[in-house]
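Paired with chain B in one complex and with chain C in the other, chain A is shared by the two complexes that follow.
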Partner chain A sequence: MLFRLEKRQEPSRFMLYATPVASVLLTMVVGAIIFSLIGYDGIGAVREIFFTPLTNAYKWQDLGVKAAPLVIIGVGLSIAYRANVWNIGAEGQYIMGGLAGTWVALATYGMTGPWILPLMILAGVVGGALYAAIPALLKTRLNVNEILTSLMLTYASVQLIYYLIRAPWKDPMGMGFPQTRLFSEAARLPTVIPGTIVHLGVPIAVLVALAAWFIMSRSVFGYQMKVVGAAPHAARYGGFSENKTIWLALLVSGALAGLAGVLEVAGPFQRMVPGFPTNYGFTAIIVAFLGRLNPLGVLFAGIVMAITFVGGEVAQTTIGLPNAATGIFQAMVLFFLLAGDILVRYRIRRVVANPAAGAA
Partner chain B sequence: MDIYIAIIVTLVGAASPILIAALGELVVEKAGVLNLGVEGMMLVGAIAGFAGQYYTGNPYFALLCGAFAGAATSLIFGFLTLSLSANQTATGLALTIFGTGFSALAGAPFSARPIELMRPLFPLELATHPILRVIFGYAAPVYFSFIMVFAVWYFLKKTRAGLILRAVGENDLSAHSIGYSVIGVRYAAVLFGGAMAGIAGACFPLLLTPQWAERMTAGRGWIAVALVVFASWRPFRLLAGAYLFGLVMTMELYAKAGGGPLSVIPSELWAALPYLATIVVLVLISIRRDASSNAPACLGRPFLPSN
Partner chain C sequence: MPLRLQLTGITKRFPGVLANDNVTFSVKPGEIHALLGENGAGKSTLVKMIYGIMQPDAGEIAWDGEPVVVASPKAARKLGVGMVFQHFSLFEALTVLENIALGMDAKIPARELEARIRAVMSQYGLLLDPHRTVATLSVGERQRIEIVRALLLDPKLLIMDEPTSVLTPQEVEQLFTVLRTLAAQGCSILYISHKLHEIKALCDTATILRGGRLVDTCDPKQETSRSMAEKMIGAGLKDIVRQPGRSMGLPKLVVSRLSTRKAGHFDVAVDSVSLTVRAGEIFGIAGVAGNGQNALLDALSGEIISDDKDAITIDGYPLGLLDTTGRRKYGLCAVPEERNGHAAVGDFTLSDNSVLTARDRLGMVVLGLINSGAAKTYTGKVIADFAVKALGPGSTAGSLSGGNLQKYIMGREILQKPSVLVVSQPTWGVDAGAAAAIHQALVDLAAAGSAIVVISQDLDELLALCDTLAVINLGRLSGARPVGEVSVEEIGLLMGGVHGTTEARDAVSA
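And now, the complex of A and B:
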């Protein structure tokens, strides 16, 4: 054997932050090769997916709008994953947040007043948190795996959308389309930059990331999450309750996913439609990992993933690349990142051929 | 009478792919590896099986395509988690995201192009009588799933190789110190799980809906993962669990078809029922006793011999 892995005394901080960058760069190189091999314009695909959204200033507003939900959900997931709580049903909590907000918007239809939007947002946050409370309850009381329950609830929530917009919430003027009516003015999220589509959710996302960073690095809560995740035995010895941590992790990640959901339905959608589940909840899993489970890292990772979303749409129209290609690029980023993790904990040592050592 | 026969036939068709995928995952988990990418591997198997049938018209070749594609996909998981000891939960999720994207990309040219459903294994004359239809009226994957229940049970309980695999899953360090290749055994298990997931995925276009649709496995891979927990890692209990789910899904189909007492409940609730039932089942199993007590001791833990 020519190379050998050697465990580092301490995880390499350099590698911890270098590997996400390297994995994005590697995805571009390998992605270009693979897409060329299967008959697409590989270099064009990488150019359109990773660079056009940055070089074309007209696309920047799309970036912000796509990054906002990814960052908000990703921040929540990064907190949960830090505590070793595997909430992968953020998509369902996002949907429930959107539905709770829709419920308020429809109940206040035609009314005006500055209280409607905050009430919707509150409903969305509570809706997401309550939906995440189901896996939390089952995990803490009965030790039911939260991965499976949170995911199964996602599939169920999609059906709930279909039911609500087909029957009780259906737009009476919608000519039979399964969708709710367009929200009144007071229930729509305002834009923050006039003349663009950049809505209030974008600055909220930045605030969420900054606040989470501050809380995770400065407060007992953040310390508890990290300790329980990294060293459960030590945490128990130190008096941190594992069950309380599971509850907090799921409620916080659910609430943030719900927040993203209500901002999305009140912002870009302005009504509930069958196409509301846009996989932000799943992509945010990649965002959380790419951001190294650090809220500031998640902010950058959310922008990177938003670039691939916007770029994927560009590539669809300019070079005819199917939309699914975006998912492959996103999964590749995560694969390379996970593969690169070994460099954080190990160093590669060259082994000089030495028969005496080899015999041992 | 006929309606009951039809229900049983539909039920068996719905249960078989889940059973096949779950049997594969059971062996993987018995080796101490948690591969959450079943859904992704199934989707890759589904598009490979579809393409195999579309180009050759030979469903057995199509199933082989599915098995091969599923195994190839599982190799990504194996390399990352076994050779590079990456986090198994995260890698499994990544595999599902990858499989979803890959199958959608590969399947895009095939949309709205029907294929031929796989025919029953036995000659139609055998299945003319309703009772005989219940026994002889299915395509090959259904019988394959039964055989594999027994084969997996026999392998794990009665063979030396099965004993080694269980040892690797229960105590990897001991297995390693006796001289077994932990990584090698786990690679083999992961590849088997991938092939089974691939076959299960290929069943969707070959047995259920003869066309390609994005995400056509609709979360059945995740249900297969849940069933392994439900079955406490026992093959015959897996059989019971898969048929329970087959029944739920069959009721959904009949409710959607309209008529009868089933259609009082909104069709969306029926569609959500398999997922809600999964949760209920997981709850029941954990109330009855500590569900994790029977889990392989090394499940999900990376193996690091030299450190």
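And now, the complex of A and C:
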């Protein structure tokens, strides 16, 4: 008995939505087997990573706080990837957004006023966008691959944090620790639910996803991103410039990564520290794909990824799973998703050898 | 003598369509047998099963009287079936010899292969230097490589899929001579084409398919082109209706010394092309594929922007520096040759494809937002007016057959009422019924006062459709002549690059 892939006449909408769910389920099954084989409580690991964050109401606020930056960055990446612009450096743009916000916070240190926080956010957005402008410029002018430039700039931005917090921005009262001083009250993101750690970034993430969904599905901008990604030649025929699209895609995804960065530094961190780069920018790549490059899908995918982060921390303490386990689970989700993607355009058919053939 | 090929009750079903329904016909040794049918009639599917690319769901294939299962193209070649595809699979940077060597099932030393190639070439008069790089060859010469490749296997049945769509009239004659020689030696030929007069000239028998079913097997020499076309489409064929005594208006589209830069290594650029098209005129541009037609279309549509604002004008207004969107606003619409991925996006719905070119002219965009209702309404109108076979505006472009997609694309542009329409290969791979509808729509648009440029490799189409004709060769355009005053031979020579002078065609030595 043989199986054969057969092209579908129309891409399957069912598979489009079913494969992300299936990839998460498969990850749980395979993850349980792998961790059992290497001597951990595999089923327990899956339970702690995927279910404890959901069943334990106390963890919900953590989920929101972790999901917010993933969703904001993931939405930006989903827009860029739609246009086949592969911004892999969201982590760097996130860092630059955080640094730009930190700069405003330090420059306004000790001041009060409702204008400080909006100014920080603006600086973060601009910082992220400007950092993404470098790959855009190199791509459109010199045709340098944006995957490489955006990725390498991430490492440059990490070094910039280390430099700034060790020298010019070092907390004068910090006893030598490499970190900035704690932002003043006016430069900190307020919490939206009293008594929790849920900050303003969480509703902003939801708003960003909704706005992006509307723009991508209804506007000429969204159409431009999709048509350039789907058929560049047709896009040119339709009057959309490829270079302009590359610029827009990188600036938008950079700006959103920068927004996530400034919200993160003004919210959970409230100061710039060496531990600021937490790979949200890289995990958001998985989020974007898991969400089918659809902003609303990204919202759900961001929550799923946040579950693995929170659950990973739980599993570290309860069953002693190493921190790297979270990464393995996240990578498996992406792996199964990409592998399952073929079912959207193809179906599996059983090939039965024709018994009539050959008999005269 | 047993029949070379006998198909009995061949049936093939795809999801949603019955591609072949109980098809039965046979090919005698040495017979040139035409396979006729509209797009989607099931010709390709049938041929793919004979060549082993697909397996029939039911029915039987017999070869020289023996029932066979053709499991793969390799098995088909072993039986003695050769095939020349419509689209060549050649590496442009390699030589003729290298290309042929790559396609052989058996490993043959280069020296011996070359000797055999030369033997086949001289036997059939297929003159070609085996050491030339494919990129330097004309389309007709490239086709000869494919034929030689098939002949090297000593086929007993040669399948030719739309072989003349890219040839000049002289090249077509040469091909026919080769095919007749082959047939005289006992090789059967299965000849797939839309060009009915060629089938009348070449074939002994014609099998006509419609909607997957066999409708008739006839002798093309006893039929008229019209009667065969009517069997193909299953209805009376409409003639192009022209209003008598119409006159041309003032010059509308004026192109002067339009040039483009060579983009790729094997690209042919447009070289100082000038032409004038009057309101109501249909201006035809003939030429063998790969002589700068694509660059010319891109330069006219605005995909390639000129340096000179006056290189292209409509009613005297300069358009040279504008992009496609800008030119469309001034009434210049265009349809490129490649349907999927250029004129339309396969993954998008038809409605979204309407947004691609019609959004500004028809007010589908308000404050940066797309009015999808307007796009849907317009798409519905295109589908209805041009009889596009689609489930509705929500169908993806990629799910339509080639002919239906072309009807949709032509309709999308024509219903925008452009004052100038430039189209490349408007009926390429489109069945007779759809082609007639597209031609009529172009004639009606011209009658309404638009200027139309038709770039095509199909000379019959241009002669039937156009008022004026010019020929493009290596990016240069010949002088324009009224259609009534120019002979097919003359155009054929221009297509081959002979511009009235005694310019020696590069000698084809073997």
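By our rule, the second predicted complex is superposed on the first by the 353 of 360 C-alpha atoms of A that agree within 3 Å, B and C clash if a C-alpha of one lies under 4 Å from a C-alpha of the other, contacts with A are read in each partner's own complex, and residues count from 1 in each chain.
Throughout what follows, a contact is a pair of C-beta atoms (placed from the backbone, for glycine too) under 8 Å apart; a residue touches a chain by one contact, two chains touch by 3 or more.
Bear in mind that the values here come from a model prediction, so they are computed numbers and not experimental data.
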| item | value |
| --- | --- |
| Partner, of chain C and chain B, that touches more residues belonging to chain A | B |
| Partner chain in contact with A:324 - chain B first, chain C second, else both or neither | first |
| Touched partner set for A:57, first chain B, second chain C, both or neither | neither |
| Chain B versus chain C as contact partner of A:162, first or second or both or neither | first |
| Partner chain in contact with A:37 - chain B first, chain C second, else both or neither | neither |
| Contacting residues of chain B [partner chain A, same complex] | 36, 76, 79-80, 84-87, 89-91, 93-95, 97-98, 100-105, 108, 214, 218-219, 222, 225-226, 229, 266, 268-269, 271-272, 275-276, 278-279, 282-283, 286-287, 290-292, 307 |
| Chain C - residues contacting chain A, complex | 14-16, 55, 57-58, 60, 67, 69, 301-303, 323-326, 328, 334, 336, 338, 341-348, 352, 355-357, 359, 365, 368-370, 372, 395-396, 399 |
| Partner chain C, residues of chain A touching it in the complex | 6, 8-11, 218-221, 223, 226-227, 230-231, 233-234, 236-239, 241, 354, 356-358, 360 |
| For the chain A and chain B complex, residues of the former touching the latter | 7, 86, 88, 138, 142-145, 147-149, 151-153, 155-156, 159-160, 162-163, 166-167, 282, 285-286, 289, 322-328, 330-332, 334-335, 338-339, 341-342 |
